[in-house]
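The data blocks that follow each hold one structure.
The following pair of complexes shares a single chain, subunit A, combined with subunit B in the former and subunit C in the latter.
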Partner chain A sequence: MGGPIASLNPLNRADGSASYKCVSTGSNILGSVNAPIELPGRRDALKPEEATIEVFVKPGTAPGGVGERYIEGVIRNALGRLILGRENGYPRRGVVITLAIVGGESVGRGGSYLPLLPALLHTAALALLSASVPLSMTLSATVLAVDSSGEIIREPSVKDAKAATSLHALAFTSKGQLLLNESEGAFDFGTWETVYERALAICHGTSTLSSDGDVAMTENVDSQPLEGVLRDTVQDQIHSEYAWKIDAA
Partner chain B sequence: MASTATAPAPQPIPPSLSLPPSQFARLQPHAYLLAHLSPPASSQQPSIRANGRSPSQFRVTSANTGSLTHTNGSAVVRLGDTTAVCGVKAEILHTEDIASWSVSHSSSSSFASNKRRKLTNPTAKLGEDRTDSGDNESHIEDFSLLVPNLSLSTGCAPGLIPGAPPSALAQSMSHQILSLLHTSRLVRAEDLQIWYERPNFGPEEPEHHNESEQMDVDVEQEGSDEASIQTGEIKAFWVLYIDIMIISLAGNPFDAAWTAVLAALRDTKLPRAWWDVDNETVVCSDIVSEARKLSLWGLPIASSFGVFEADAAAGWRSVTIQDAEEERKLAEGDRKGIQRRWVLADPDGYEEGLSQERVCLVVDKPQGGDGKVFIVKMEKNGGFAVDRKELKELVDISTRRWEDINQILKQC
Partner chain C sequence: MNKEALLSIAERDFILDALREDVRLDGRAADQLRPLTLSFEEEHGHVKVQLGKTSLIVRISAEVAQPHDDRPFDGIFNIAMELTAMGSPAWDNGRQGDLETYVTNVLDRVIRHSNALDTESLCILKGVSCWTIRADVHITDYDGNLIDASCIGVMAGLQHFRRPDAVVKDGQVIVYGLDERVPVPLNITHKPLSVSFHTFDEGKLVVLDATRKEEQASEADVVIGMNNAGDVCYLSKFSGSPVDAMVFVTKTTVALDKVKEINGIIDKALQADLAKRAKGGLAEESRAANDR
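Showing the complex of A and B:
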């Protein structure tokens, strides 16, 4: 199974951007982040001491509808806990995250956005990193489908997701805490716990906290943990950006 | 704070720097709720929320059905001060008006086989027999036979402007309700089908019109597939427009809205309808006794929770030190009776403003089953406090809530 393909800074004008392609679900997302920017006439009176986070999701083939509003809210709540909106220069300003679905199958009316959610979250996280927005942690997410025989499918295609009895999208912080869980379909708690174990292994590998507090990444049956994929993407980008310095040394 | 201390207090007793609770609540909402939840040990007071409830206690819920006479089904649900009104209106959709009908219907036999496979899924095992929805269950989603819409622009809360376009909250709740209706398969496709029964000139009496759709399918399953396909044809569908108005909002609109939808759908009656071959149209009977109720699959009930953290800075601390060691310290504190976070069931508007992390659970308990609960939807977002252990406890609380709401809906 091929891992995701990600790159940083495909867009020149935005403060930060990322493109992300998940091979198994077929989703392809382009994301941009502008931060901190002045929001016209929008002073969030309720929380003036924090940055306002705005998320826009643009579907590939259709105009946005209620499904997009919903998933925007989910992404905003998840990232709101990671973005440090009180750092210098951020209060009263805005962090605007735009995610365009450029490939893969689109979601119909009342359809489930869960198969796309990990790709959207990863794109947003990478774009935030490339825009140097202060974050307390990063995240990694995955989606799992449980089919009628109780088997867990990792990152199902749209067709598999439709046929599944339950669908679970989970996101973990880089410290291994459960940041987000969205499950739908009929399942019992035992099923969810196996899904949780599997998702944690996909995101973090069969990780063990070493004595110095670093998460030791180990290869696992599912190929490289997603956390590592994101880390490598950023590392490669930094390496190429500082090539002049590294070469000179 | 000093400036408010000078505000005239009703009683002459106050010593310096004391203010009435209502002002304290507005000025220092976080400290106010925290003071209620963790009272000083010397005061001998129990830990209780500012609204007088215990952390896992829901507000008083009441439901009323059939209040709107011009709808097919309606309900008013009150959850404390949050009130939702839901009306269900049925309209007829002719299959000839469905662009993809002829295509999908003729090919229905080809996807019937893979739908069949789905029948052996665990949901069917969980007490209820969902088998006869087999071939048709995709109709509801494919042809948009359920159209929920939630409106918050009613002046229900000071922050929401009446008459304004639907806010992001209203839109996302409309979507949540629609996708929950789809994933829980609450409404059965057979209830929404309007059939044309070809007169059967054989020895059998052509007496099955409406009440016998289930029989039809039974016959089909017994093996005489072709016979039943030839005698009947779907000519139209009922489309249910489910409109929800939140007329008063004091937190937790989703639970109120979903309970209202459930109650209204349980109350919904559809008139007997059939295809009149001479007039080439659908005809409805106006005899009330012939109208039939929808038969719903199960009773998925929603319960929402908010997480309140004692540390006001938890939401924006730059270094989160919640690693394994910190977690252990927290557990130790719990044992000593020092609680750092509370999961509040059914948060009201005041508590919602103070909690970043939300959990929403929808559980169902099949009738006549072995009492096993299954989860239809589990959402958790915006924080790290609720993990596996906490979610397990919340499922238990939601199960108790299911019993309560089940009783309330039975009585209304």
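Showing the complex of A and C:
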């Protein structure tokens, strides 16, 4: 299975941006972050000591609706745990995250956004990194479908997701803690436990914490852990941006 | 909000003084377009347009729906454009600004009202079902001349798009999947494009394809919508200071040249994409003609 393809900073105007393509689901997301930005006329609604996070999901070929507003809330809550909104310059300002679904099959009216959730979260995380928004940690996410025979399908296609008995989207912080858990359909605790184990392995591999606090990642059956893919994307970008310095040394 | 930060007086004067000496910030001539590149994605009707630093994505989609009661023979065609904070930090998500209303209106007039897409050909069964074609314009980078860039994107998308084949059998509508039958191109009657000009210095200086800074420093804009044959289908002088009538006369000629040039670029990009797809595509497989 091919891993996702991601790149940082494809856009000029936004403070930070990322494009993310998930090979198995075929979705292609473009994300941009503007932060910190002055938010007009909503002083009363703001928490004065924290930054306000705004998430906007723009579907590719349909007008936005309730489904988008719902998933925006889910993403906002997850990212709210990562973004350090009290850092210098952020209180009373806004972090505006715009995610446009530019490729792949779009979610129909009333359709589930769960299969797209990991791609949206990854794009948002990469865009936040490229905008240099202070974060406490990063995240990695995956979606698993359980079919009627109890088999787990990783990042199911639209067809597989429709046929599945239950869908589970899980996100983990870079420290391996469970950050988000959204499930759909009928399942029991046992199923969820196995799904959780599998998702953790997909996102983090069988990681071992070495004595100096570095997370060493090893590859397993699910190819490279997603956490590593995101790390590599950022590393590649930094490498190319600092080529002048690295070459000189 | 929903407004770009204003230019400083020094910056405005600099642009104006340079223009008086016939120099533009990016070194172009007054009637020169920025470099235009079009690229098509795998999906039909998915176009990326890059005009200088302005870039956008257009996606065309088709859906079967019921036609409007008063027009049972007509299909439905909509152009949807929503400016998000992605294109420019000055735009608010989910709030409509003046620019959005203006650009949507021009696109509607140039492409939809000039009947570029023959909506009658979208009818499947009178009064019961028809195709709804939707063009979504996603602005990814805004650096001026949104109107022309989106016009190019929508027109290229419409020409690139293929809708699934639909057949009426015993009063039942059957829609064939994209892998069952060769998808059908849309019926394009003509290829209108818009060309915008901005005027400076009491209408003495007229510049084509202004960048964002030039737009902000300008006094007024003139938009001409035209097709390859030179039929003017839209002409507007929306706001700002007056413009001499002769500008319209002389600039329509320039606009015609530009429309032909841009349509040439679109055709070339479409041909290149078609050649790429021809290898091993469904259209090739289902062709009846023998190779000679």
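In the analysis below, the second predicted complex is superposed on the first by the 246 of 249 C-alpha atoms of A that agree within 3 Å, B and C clash if a C-alpha of one lies under 4 Å from a C-alpha of the other, contacts with A are read in each partner's own complex, and residues count from 1 in each chain.
FYI, a residue touches a chain if its C-beta (ideal position, glycine included) is under 8 Å from a C-beta of that chain, and two chains touch if they have at least 3 such contacts.
Remember, predicted model here, so these are calculated numbers, not experimental data.
Applying the stated contact rule after C-alpha superposition, one finds that A:98 touches subunit C and leaves subunit B untouched. Of the two partner chains placed by superposition, only subunit B is touched by A:109; subunit C is not. In the superposition on chain A, A:15 contacts subunit C only, with no contact to subunit B.
In the superposition on chain A, the chain among subunit B and subunit C reaching more residues of subunit A is B.
After overlaying the two complexes on the shared chain, residue contacts for A:54 are found with subunit C alone; subunit B is out of touch.
When the two complexes are overlaid on their common chain A, residue A:178 makes contact with subunit B while staying clear of subunit C.
Judged by the touch definition given at the top, the superposed model places A:30 against subunit C, while subunit B stays out of reach. Using the contact criterion defined above for the overlaid structures, shared-chain residue A:194 touches neither subunit B nor subunit C, since it reaches no partner.
When the two complexes are overlaid on their common chain A, residue A:224 makes contact with neither subunit B nor subunit C.
No residue of subunit A lies at the contact with subunit B in one complex and also at the contact with subunit C in the other.
Of all the residues in subunit A, the ones that touch subunit B in their complex are 50, 66-67, 69-70, 72-74, 77-78, 80-81, 84-87, 109-112, 134, 136-137, 148, 150, 163, 165, 173, 175, 177-189, 192-193, 196, 209, 213. For subunit A in complex with subunit C, the touching residues are 10-15, 17, 30, 32, 34, 37, 40, 54, 56, 58, 60-64, 96, 98, 100, 102-103, 106.
Within the complex formed with subunit A, the residues of subunit B that make contact are 114, 117-118, 120-123, 126, 141, 144, 168-169, 171-172, 174-176, 178-184, 315-320, 322-324, 356-358, 364, 372-384, 386-388, 391-392, 395. Interface residues of subunit C facing subunit A in the complex, by the touch rule stated above, are 1, 41, 43, 46, 53, 55, 57, 59-61, 80, 82, 84-89, 92-94, 134, 136, 138, 140-143.
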